[in-house]
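Look at the two complexes coming up: subunit A is in both, with subunit B in one and subunit C in the other.
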Partner chain A sequence: MDTQLLLVFWGCTVLGATAGLMGSSAFLEKKSLLTDGLSHALLPGLVLGYWISQSKDLPFLLVGAALSSAIGAWLSDFLQKNSKLSSDAAIGIVLGGFFGLGTLFLSALQHAESGNQSGLDQFLFGKAASLGVQHVLIISVVCILLVCHFVYHYREVKIYLFDPVYAQTAGISSKRISRLLLGSYILTAAIGVQAVGAILISSMLILPSVAARMWGSTFKGMIAIAVSIGAFGALAGCYISAKFAHMPTGPVVVLVLGSIVLISLFVNPANGWIKKWSLKTIRRWQISSENQLKAAYLHIERNYHPSSRSEYLAHPITLAGYFNRYAQLRGWIVRRSQSWYFSEQGLVCAESVVRKHRLWELYLNKHLQLHPNHVHLSAEWMEHFLGPREEKVLMNLLDQPLADPHSKQIPPL
Partner chain B sequence: MISYVFILLTAIVVSGSSSLLGSLLLLRKQILLVDAISHAILPGLVVGYLITATKSSSVMIVGATACGFLATLLIEKLSQVRTLHADAAMGVVFTVLFSLGVLLISQPWLNIDLDQDCVLFGEMAYVPFHHLFLGGLDIGPRGLWMAVLVLGLITVFCYRGRKELPMVLFNPEYARTMGISVAFWQYGIAFLTAFSTVIHFELVGSIVVVALVVIPPSAAFLFAKSFPALLRLSLCLAIISSMAGFGISWLVNGSVGGGIASASFGVFLVCLVIYRMQRKKRSQVHMNNYATAGAQINM
Partner chain C sequence: MFQPFTVVYKPQKMNNLHTVLSCRDLSVSYSGKPVLWSIHFDMPNGVLGGIIGANGSGKTTLLKAIMGLLKPQQGSIQVLGSLIEEAKSRVSYVPQRESVDWNFPITVEEVVAMGRYQARQGTWRKNKSEDNQMIDDSLEKVEMTSFRKQQISQLSGGQQQRVFLARALCKTADLYILDEPFAGVDASSEAKIWSVLHQLKNEGKSVLVVHHDLQTARENFDWLMFMNTYLIAAGKTEDVFTDENLRKAYGSNENFLSEISQTLTNKPGL
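Let's turn to the complex of A and B:
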């Protein structure tokens, strides 16, 4: 590892961490797309800074970029407040207009100097390997200042993010805090523009916060996760882009962060797609196998007219229909001499389903005065959703009934 | 000289159709969808290119349009995740797809004849070089014809829907009770957005597509009092800004797309100033009325 590479990695990691921090507050402010507009608005200032200073002196470029982005931010704010345009139209105007200006300046400069300024191209898609000592120093200093600033205002920012109106009543100027945050987004985008490029720097703000929101449920937790994801994504992206040829840094960083978001969508503990899907599937199996057990119970009841509970265990239920694997796995049915029989647990489960069904029918009939012909359909659903507690409550409410409205026997509890 | 005329004509046609489409999207409050689509179609373009190994093929157009549609569906799906809002969902989908496309383009072993600059800035200046031949007869540049095709589609759509579209855009519920198929018109708008973005993307590049769709309709929206007025005014502003933009880019020797975007931005700023002056004047008139009324009461 040579020092240049270490320097670049350090710069990218610090940048990613800061972008994660600022991105989470932009996300909670619902201004994720505004950061996209602002990062596009960096371009004209960058090119003008180059044109005025006639050199690639970094401070000039960055100050120019930050200034033009700040003008863009002011314009979008002005448009939202003083015209009937909606916020996304305002963002679109800033994004398209400023980037169009930047494009015009850039192409004019290219034609005027015939490829002399090849350095400016890398501001579009970024080239982390070209970061110099000076730039890494600027990144580190600005990032440390931004983080200190954020920590200093932490309480006010937190209150503002979650309830701007309450913040106003608590004596915190929402306007001031929102301006401070906006300034932080702009500065973060401006210092990252050489590493990641003007077009994709906004995704370093957006993507880590999106992933972090799925894992963390508190503000502090979300920030911590966003900072680590941002730092990791930027470091991994820079490493890949430095190690292999033809890998522009910006897209690689975005793809690393994007895959983290994708994985989070599937596996996050709160409502990841895998968890949701498996819960849903298990529930579906359970319902269908409860229906099968009920059908088997009714089959025995109708054909053998059993007088005691043990007779249910003695008669085969194979003729009642198809049984799925779930019932076998739970041990609800057992196989003896080529036929299926209820096991003890299976009978308990089937009785409970039938009991809930008939109790609900009786309840609808007694307490809602529904005609017995109209109660079956609702009971078909409710038998799967009533729990043991509701079962007992219904039993007591209906005075330990023996038969349902169709004068069928309710299995005793 | 004739090539300049072709470029100017293409610019006018492209900005005209963009402004009509933009007016529809603006009223639907989905104007940034065009930003998302214009970035997200890139992988579709690249895959279409890899299949046929020629540029400007119809497979590329189909692939990119499909990719744009896919992106809108993905955005819709992601917005339903409880922890995400539509804003962030959009930001995730289009940046990731765009990066995928850029990464594919920059692989030399895929031999893709598109470069990053052309993705961003388009190649309006090359419009006169690719001609279309009909039975051996040269009928003009291909890009111009594609742009005319898009303009024709959008014009027919707007004309055919001159009764339905305002209802669908302003009050979908009411439109539904009137027996209008809201889904048809909304999917029509989405399809036209994807298709025209793909065609224009080749000509002017991704960012300028956004500028042309967003800016002239927004400027017109400040003044327009009715739906047809919005369409007419934004069309006029778009044509003015495309001509001015062509002039600017010729003056500074820069890219045509960038010139048009800058000119439309300038036109927007002028409109904004006029709008503010009008409002100020109107509020002053109001104040005077109040003042005289107050004076009369005091007497």
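Let's turn to the complex of A and C:
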């Protein structure tokens, strides 16, 4: 690999890590949308900087970009304070207005000097491969400064992000911290604009923190994960865009980060969709099996009026077709001479459900003074959610009862 | 913003040791709409004091003004004998529970540790053992020690409130100000919070609480203040807890005042 490529990879990784850090802070400050507005507001200043300096002289471009973004931030704040606009509307105005202005400048510039228009659209979509030594140096220095700054103010920032009002009463100037953070977001977006582009740089801030929030449950943990995801996403995006022709960096980076978010949605440990769905399915299946066993038990009870427990094992039962095979696998039923019967294990399960149902009915009736006509529905639901421990507690609470409010027998424990 | 009647009071040093908090003709308005009308009172040192008033009577606004979170339109406030800016390290504030996002990725211990911020400023100056001792003690007092490492998102309302209280206790202050600490709190948490407040009073601290429930107010507070955007009465509980004051606090007999407020809200140029 040649040095130029290594340089680009280094720049992107550092940028991605810093964006992950600043993005977490914006996410927890509930200002994710603002970062989108800020990055779109970079464009007019960027183009003006280019026009004034008549070259792609980096300091000019970056200062111009940061300035116009700062003006955008001020404007959205001003609009919120001096009109009845909500923050999203104010940000929407700034985002659209500044971006429109920026594209207007861009097209005017492209027409004015048709000979030297190449590379201007990389401000929109980004081209990491065009990063020079100077740019990577600037990225590294600014990123290191931003990170040091964040670490230095770590405690203040943490208190401010969680509870700005309390921070104020503890002698932290919430206004100052919020301005410092805003400045950090703007700087991060400005140094990244050539690599990733004005449209998509905000995704580099937002996406890592969104994914990280699903994995990390502590403040430090979340930030560490966001930094790692940001660095990885930026590096992977750069690599892909450098490897294949006609692949602008911005969209690739965003797609990589977006896939990480998508995967996180499915598999994250706290409440990933796969976990949620499987738990739900298992629960549904459990309820359905318990209902089937209960129905079989009640069928015997109603039709044969058994006087002893062993009679439940002696009468044939019918289960729904799809369930029959499962019950057989679980060992709940056994086949004898063309008919199905409860196994000992299956009977224990069925008894338990019926017992919980009737205990709950009795509990509602005795302790909550509900009329016997109004206890069945609740028991239909609770019979699936009470555990063995609750069963025992209820048994003791109700003095080892023999019958429920409808004088049906409660199977003994 | 144009404020036609702004009068700047020169704060004078108070030498009265018996007063922990004093408001002098305090008026506050939100973009023209007056929410506090000339509140004027002194709160004595070492009492467990309550602020009683209906919804929208400006109780929270008063606390925010006291804490320096709002700029008063007129009048002045002295906390512990000086301006709030100088007294901040000696005042501990418990905001309303709903004011923060309880899904924030942070543990109980970390929230409580925030109370140590002022005692341990500067990034490199660390006396961790003292901090940990304070955090332990505070958690112990509100009986939340076993939740120390838990995420705050897993707590019930009462537990959240106790964590907030522990954070305030962690900051050794002389005046504790609490905004609706009993809102949405279960009975056992309520009892624990009351016992902590009484304990603070017994240690010689002053406590000021915004409160709703009249029954418990009468039993627990030894100083009360009734307000309904204006001050109705402030003083010892047995002196001010009268039917007349209650009626003024919860009835809407001062219609003219709210009418004026409404008029001022819609006045252009304010």
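Definition applied: the second predicted complex is superposed on the first by the 391 of 413 C-alpha atoms of A that agree within 3 Å, B and C clash if a C-alpha of one lies under 4 Å from a C-alpha of the other, contacts with A are read in each partner's own complex, and residues count from 1 in each chain.
Here is the rule we use: a residue touches a chain if its C-beta (ideal position, glycine included) is under 8 Å from a C-beta of that chain, and two chains touch if they have at least 3 such contacts.
Bear in mind that the values here come from a model prediction, so they are computed numbers and not experimental data.
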{"item": "First, second, both or neither for A:Arg213, with subunit B first and subunit C second", "value": "both"}
{"item": "Touched partner set for A:Ile159, first subunit B, second subunit C, both or neither", "value": "second"}
{"item": "A:Thr169 touches, of subunit B and subunit C: first, second, both or neither?", "value": "second"}
{"item": "Which of subunit B and subunit C A:Thr103 touches, first, second, both or neither", "value": "first"}
{"item": "Subunit B versus subunit C as contact partner of A:Val252, first or second or both or neither", "value": "first"}
{"item": "First, second, both or neither for A:Gly221, with subunit B first and subunit C second", "value": "second"}
{"item": "Partner chain(s) touched by A:Leu28 [first = subunit B, second = subunit C, both, neither]", "value": "second"}
{"item": "Which partner reaches more residues of subunit A (counting touched residues only), subunit B or subunit C", "value": "B"}
{"item": "Touched partner set for A:Lys127, first subunit B, second subunit C, both or neither", "value": "neither"}
{"item": "On subunit A, the residue positions that both subunit B and subunit C contact, one per complex", "value": "30, 213"}
{"item": "Touching residues on subunit A, where the partner in the complex is subunit B", "value": "27, 30-33, 36, 40, 79, 82-86, 88-89, 91-93, 95-108, 111-112, 121, 124-125, 199-200, 202-203, 206-207, 209-210, 213-214, 246-248, 250-252, 254-255, 258, 261, 265, 270-271"}
{"item": "Residues of subunit C touching subunit A in the complex", "value": "67-69, 88-89, 91, 93, 95, 99-101, 104-107, 110-111, 114-115, 117-118, 123, 151, 167, 171"}
{"item": "Residues of subunit A that touch subunit C when the two form their complex", "value": "28, 30, 152, 154-156, 158-159, 161-163, 165-166, 168-172, 213, 216-219, 221-222"}
{"item": "Subunit A-facing residues of subunit B, complex", "value": "26, 29-32, 34-35, 78, 81-85, 87-88, 90-92, 95-96, 98-100, 102-103, 106-108, 116-117, 120-121, 205, 207-208, 210-215, 218, 221-222, 248-249, 252-255, 257-262, 264-265, 268, 272, 275-276"}
